[in-house]
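Read the structure below first, then the notes.
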Amino acid sequence: MEVTFKDVSLSYDGSREILHRLNFTIPEGTLVSILGPSGCGKSTTLMMISGLLAPTSGHIFFGDEDVTKQDALQRKVGMVFQNYALYPHLKVLDNIMFPLKMAKVPKAERREKAIKLAKLVHVDDQLDKKPGSLSGGQQQRVAIARALAKEPSLLLLDEPLSNLDARLRIEMRQEIRRIQQETGVTTIFVTHDQDEALHISDHIMVLNSGKIQQFSSAETLYDNPSNLFIAQFIGEPVINTIDIEDFDDELTDHVDAEILKRAKKVGIRPEALQDHDTGADTLATITTKVKTFEKFGREKNALLDFHGKRLLTTEIEAELAEGQELPLYLQKSGFYLFDQEGTRIFGGDQDVE
Amino acid sequence: MEVTFKDVSLSYDGSREILHRLNFTIPEGTLVSILGPSGCGKSTTLMMISGLLAPTSGHIFFGDEDVTKQDALQRKVGMVFQNYALYPHLKVLDNIMFPLKMAKVPKAERREKAIKLAKLVHVDDQLDKKPGSLSGGQQQRVAIARALAKEPSLLLLDEPLSNLDARLRIEMRQEIRRIQQETGVTTIFVTHDQDEALHISDHIMVLNSGKIQQFSSAETLYDNPSNLFIAQFIGEPVINTIDIEDFDDELTDHVDAEILKRAKKVGIRPEALQDHDTGADTLATITTKVKTFEKFGREKNALLDFHGKRLLTTEIEAELAEGQELPLYLQKSGFYLFDQEGTRIFGGDQDVE
Amino acid sequence: GNSSGDSKAKSDEPVKISFWNGMNGPYQKALKKIINDFNSSQSKYKVVSTAQGDYTALQQKIMAAAKSNSLPVISQTTYTTVPDYSKNNLIEPLDNYMLKGSNKLSSADLKDIYPSFLSSSKYQGKYYSVPFSKSVRVLYYNQDILDKYNLKKPTTWEDIAKDGEVLKAHGIYGMGFDKSWDMEFEGLARQAGNPLITKAPKANLDAAPTLEAANFIMDMIKNKTAKTAGEDFYWTQAFTQGKSAFYAGSSAGVTQMVAQAPKSLHWGTMPLPSYNGKKATEIAGNDIVMFKSASAEQKKGAWAFMKYLMSAKETAKWAKSTGYVPLRKSATETTDFKKYLTDNPYNKAAVDSLDDGFQSNAFLGFSEYRTKLLETVDAMLTKNEPVKKALTSLQTTTEKIIKDNK
Amino acid sequence: MKRKTAIILRYVILVLGAIIMLMPFLWMLSTSLKTQPETVKIPPIWIPKHLMFSNYVNALKEAPFLRYFINSVFVTTVTTAGQLLTSILAAFAFSRLNFYGKNILFVIFLGTMMVPGEMLIIPNFVTLSQLHLVNTYGALIIPWLASFFTVFTLRQTFQSVPDQIYYAAKIDGASDWHYLWHVLVPISKSTITAVTVLQVIGSWNAFMWPLIVTNTENLRTLPVGLQAFTSDAGTNYALLMAASTFVIIPMVILYVFLQKYIIAGISKTGLKG
Amino acid sequence: MLNEKPTLKSTGKALLYLLPMLIITITFNIYPILKSFIMSFYTKYDFFRDIVSQYGFDNFKFLFSDPDFHIAVKNTLIFVIGVVPLTVIISLAIALLLNRITWLSGLFRTVYFLPFVTSTVAIAQVWHWIYNGDYGLLNYFLSFFGVNAISWLESPHYAMLALIIMSVWKNLGFNIVLFLVGLNNINERYYQAAKIDGANTWHQFTNVTVPLLSPITFLVSVNGVIGSFKVFDEIFALFNGTPGPSKSALTIVYYLYQKFYTEWKYGIAAASGVVLFFMILLVTVFQLWYSKRHVHY
């Protein structure tokens, strides 16, 4: 099912608009992640797709059909709610079976299917419990199983893995991806975990303050952030951002003067600060001073001082002493300039949007 | 406040035991994270510390005082619940002020304090809303503010950041860490995010199936996993685990024969498979065949075939062709042997537990 | 408690006589006026009346007060409760005041009061109550119907039955009864030869005159020449709508009839016709009793008040302002009262009936018996139970009630 | 289209139902404006020829209604407030506290509802008289300060409040007492409003009891005043209905005012879960 | 604590909460109830002076052999079975409708509550008119369906039905209010989940509303059962102080009332009260037992 928003706006109270004229198309059979800061309108968007919330203005299409006026029942989507919304009076098994019961699947079959799904999400040892006596993560998994049980043509998942541990999370996201690819169900996945979004999705939509910031593939998002917000939002550790004024003339020879004039902010990904010359990929050289050097597990972070500003790099192997001077090689990939409005004007692949 | 568990067991229904004879001490003024798979008993442990749940057997001490029989009111801890548990009838501001009201803080003062906390967690623009019209992440932040308002001597946080986006999450955990260090409040932090646990905590307790697997610093956990479960649970990507039988004689010269005989499983961290000899750190050499090579953002993963088993490494820089033969150098740090019961018998620092 | 405490009142203050009653609205006002008159007519006693709502509430209240020793000095009640009250030693026989002592009723007084009132005040040879708010059964007739179908006012019940036959053809009933016709029934039975229960008491419920009376009424009803009010309870409404030529109802209903009847309707009242050459009409209403728990002083005062109520002047005043009947003959003979009757012709029939008035004999278990009687009438009407069968079974039940209460 | 028909159907059913529900009320209003003959017209008439507003004036003259009104307000207020207090406390104990004999005590209390009130009038009168409370406001109020129905209703609502909220309150330093008044009561305000309305009306309309335990006009309440229109001779319906209207109008106003609280509750958030 | 067992301390604390209620209830409910229970064993008794000269089971024996009491028990049971389910179903249905409209909802809610405040005299009058055999509204409606005029209040066959209809009607307002409260306490999110799961309006009702409303339904039905067993006022109003044609509306409380206040047979009245009490208790305990399994708090 292809989902299209045409100028969709929403306001809960009729005065403050939460979403502003959203326009997008989610192609049939893809898995799209929605990323964005807390409170930006992700859940609201899902609620509108599901039909539980009607847009204040604009139109929603499933394929060619305008479904704006259809209610949730008619739209027949599957959904995992952010707060799970399990039926408190039903046992786990009955919760999972509920959509099947509504679809009038014969009893034996629905039972079998529900048990299969319970196994998939590892709650098959909790089938006789009520949601109230499950752990947070178990509840969440039951909610996933319930949504999958329906085999909808559109699956909406609102932070479905937020309460699972890292191992299970990876397993679950792989399962979701597998099922999605096997059945070809269009899936929209809200997450706050970028890694998850990067691994699981065909496309990522980044929302902020009720507006779409960028809607593209994971790599594009990372390599070609369309604005400063995206550059800062995507990537861990966060991109180094400093003012253009903090540079002396390190950039003059390497960037067009015209562009340099318009530029306001400089973004440098931590891995774009190499301790050795990489040849063609190197854009410029800067000199920094080591402030701290830390190691967590496999990660090594060096915090550097550059003209009084902080820079972080992850690319230094050897242990460094504090205060040590360090020349660094700015890599082309991972170096961006942004103008007054935050739009990217240099770096990345200019053609890709 | 130092928290001590002595032989604490718990069963909800009187038949199935959820926690088995837990023994631990959380030193005063530290921040301890509890990590563990979903459903292992993390929330249950917190509930017992807070006094909302009485242990089936065993004793709980705050400092020298046995508080087992005290209820939550007497224990005066602060807590963020996994499901937030905000008061549905109170506005955000009143929710945050509630503990202050109970503590009979004068009205003006409590208001001021609550607004300060609301700013800290970025919900100061939502003060007049009821919890029902907040987004998931906003609710969670209100819950954090409410718990902090109380200024307890013991702070319990049950996955307090699970619904926040990456940026906010980091900001919040840093705030929590800062407040914890400034006030010296003993803090127990349940999370499923290892990265979070590694960054924020003084010690990490790993629970599984109601038993403590290891309680140590973040590095020790990573470098010296006390058993196979820990080794597999901690670290991303997950450690490579293969049976000892899958080795021919690559290890014979490097590991004590006695130990090799007892060994059952071999654990090799992805970064302990280097493509070049590192000298003293290299333990042994193996030959593998490249299966796939992937790149996500900064990450490069090579999947290799070793005697028909899968091995993953993250240490290969250059792009590799499929099927290519590749000699790899097994590093000492990151190579472990585990016996039948899963206990580590080789690798890591044997003295550290 | 308003009896014992108050009796020790200082000598210069009047003795308080508490008086409970079930009078409401205009009746309550009329009563208050008479009490005020009494209170200002002397300085020794002060009657304080309390309206206790309807009779049901009044009965419950007396029961509760008796149980908690907080009875008033006097109270309104139906005379049929006298056997029960006296058995439980709650009420004071009035003989010592009424027949003896300085303030007794003279023999002229006793003769003047209608005998039926006096006889019902007497239980087991002693007076226990004095009559107070009394009404009788009278016959309402619709003059318009009589004129239209050339009928005369009936002199006998048989006339009514005959008129019924005439009117039946025109869809009009001859006679209308209230929901239950037990009062007319008892009247007819007496005229036929015996009261339903004798003073003894002995039940005559399956005696021939009783059966005759019941059959007479039931035959009319089955014949559709008479009808009971049924769900309407009183036939008043139906009468004002011209559904029947006659209606045997309470004289207390006159006020209501006046208020409800359309101005265009010509109607009147007359004493119930005779049957078997005799006349009898049942008296209903309430008496006043004096409770034992009061002090001697209060009792004396209470008697003074009772006597005052029965005086010709006051009873006439009471009758005029309420529509109840006066208690003595002399009260009806004053010019003042005669003028009242000319002004209010509808009220005349009641007064005219008084000479033929009777009241059922009260005995222990009377209310239970009365419940059964009403049930029996109801069974004949709603279950079509044969008269004989119904009354035979009522006889058995009543005999048992009488026996059980011996 | 389907949705529209559903809405219309709803209104049609509701309007039909409303007519049946309204009938006695309209009857009361209409009768209160009739002349006496009109009140007993067969078949009944709904719209009187002349609206007899004078009935109201006349009705109010029949009894000391002002005094009755003040008594009613006083007795109703104190009774309702007291009853709410005792009931809230008891309902809390039954819904939240653990104690020995809880179930048995609950059934015993429930048992008190199973005995017809008609049986209690006399013994309670005796008790009050032993306490020297007959013919005081105390007699009108004290026996009604506990109602197990209210306890039961509140318990059902209190029990629906999720445990998590209770825990959160405990953590926030709220004792059971504070939890009750700062959390449970405000959360349950729709139920509390509902039982308040029911109790106010019950107390306002009480008839038999005030009659029995008082002996002076000064202590009597409005429903007693309605007696003025009934007697042996029949009932003056026009005046009775005028007075009845006067008696119930405060209740209607109260209900209109409070009904939005009954519905508002915690609205969308809800309690369950 | 969540899994705490009762202790002496917690019991003491609970008692403090229960105390005000206990004092009143013991004095004005439990004590008189016990007294009347004991009274049911008095066979010779001076009520006013409280002198008992003989105890025994005669009062109960009398009841079991009294045909009137049999009728009363039968009628009471018919009434309860007739009234309770109807009241629950109709008031729930109306509450649902009222909950689903927005336009004029306040007005409708008030209208449906009015019978609860309207004077009983007016109610009795209107119902007399509705039930009137000749010109009654009900017969008028029925005549459209070819039903011959029924004298509702005068026929032993229909009187009970008439009583049931009026009682259901009279109790609606009150129960609608309770159901409205209950409906508003159900979290919207369960309906959202149910819609997503493909539940149509009916299925939402049976799978979300019914189970989550069960505490209120339980309350309404327990209260309804108890109240219906005790029916009295309605009979008095509808049948002008009689137990209906041919005792067709004679119920236990009516019987009790008659024995107590008009026949002064206190022992028998008390005994009938005891029988009634145990009948209600039986049903209520069954309801409690059922609720343990089917009521979701």
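A, B, C, D and E are the chain letters, set down in written order, and residue numbers restart from 1 in every chain.
Heads up, the rule we're going with is that a residue touches a chain if its C-beta (ideal position, glycine included) is under 8 Å from a C-beta of that chain, and two chains touch if they have at least 3 such contacts.
All of these numbers come straight from a predicted model, not from anything done at the bench.
Note on connectivity: the fewest steps through touching chains from subunit B to subunit C is 2.
Graph distance from subunit D to subunit E, where chains that touch are one step apart, equals 1. Summarising the inter-chain layout, the chain whose CA centre lies farthest from the centre of subunit B is C.
Using the average of C-alpha coordinates as each chain's centre, C ends up farthest from subunit A.
Set side by side, A-E and B-D show the greater C-beta contact count at B-D. As a whole-number value, the distance joining the C-alpha centres of subunit A and subunit D reads 56 Å. Rounded to whole angstrom, the centroid-to-centroid distance between subunit A and subunit C, based on C-alpha atoms, equals 93 Å. Distance between subunit A and subunit B, defined via averaged C-alpha coordinates, is recorded as 23 Å. Among all residues of subunit B, those that touch two or more other chains are 12, 47, 51-52, 71-72, 83, 133.
Shown for subunit C are the residues that touch two or more other chains, namely 60, 63, 67. The set of subunit D residues that touch two or more partner chains comprises 42, 167, 266-273. Those residues of subunit D whose C-beta lies close enough to touch subunit E in the complex are 7, 10-11, 13-14, 17-18, 20-25, 27-28, 31, 42-44, 85-87, 89-90, 92-93, 97-102, 105, 107-120, 123-124, 127, 142-143, 145-146, 148-149, 151-153, 156-157, 159-160, 163, 167, 176, 190-191, 194, 197-198, 201, 205, 226, 235, 237, 240-241, 244, 247-248, 251-252, 255-256, 259-260, 262-273. Subunit B contributes residues 47, 50-52, 71-73, 76-79, 81, 83, 85-90, 98-99, 101-103, 130-133, 146-147, 150 to its touches with subunit D in the complex. Every residue of subunit C that touches subunit D in the complex is listed here, in rising order: 1-2, 18, 23-28, 50-54, 57, 60-61, 63-65, 67-70, 133, 135, 234, 236-238, 240-241, 250, 252-256, 259-262, 285, 323. Touching subunit C in their complex are the following residues of subunit E: 46-48, 128, 131-133, 151-156, 240, 242, 245-247, 258, 261-265. Those residues of subunit D that touch subunit B in the shared complex are 162, 164-165, 167-175, 178, 182-183, 186-187, 189, 266-271.
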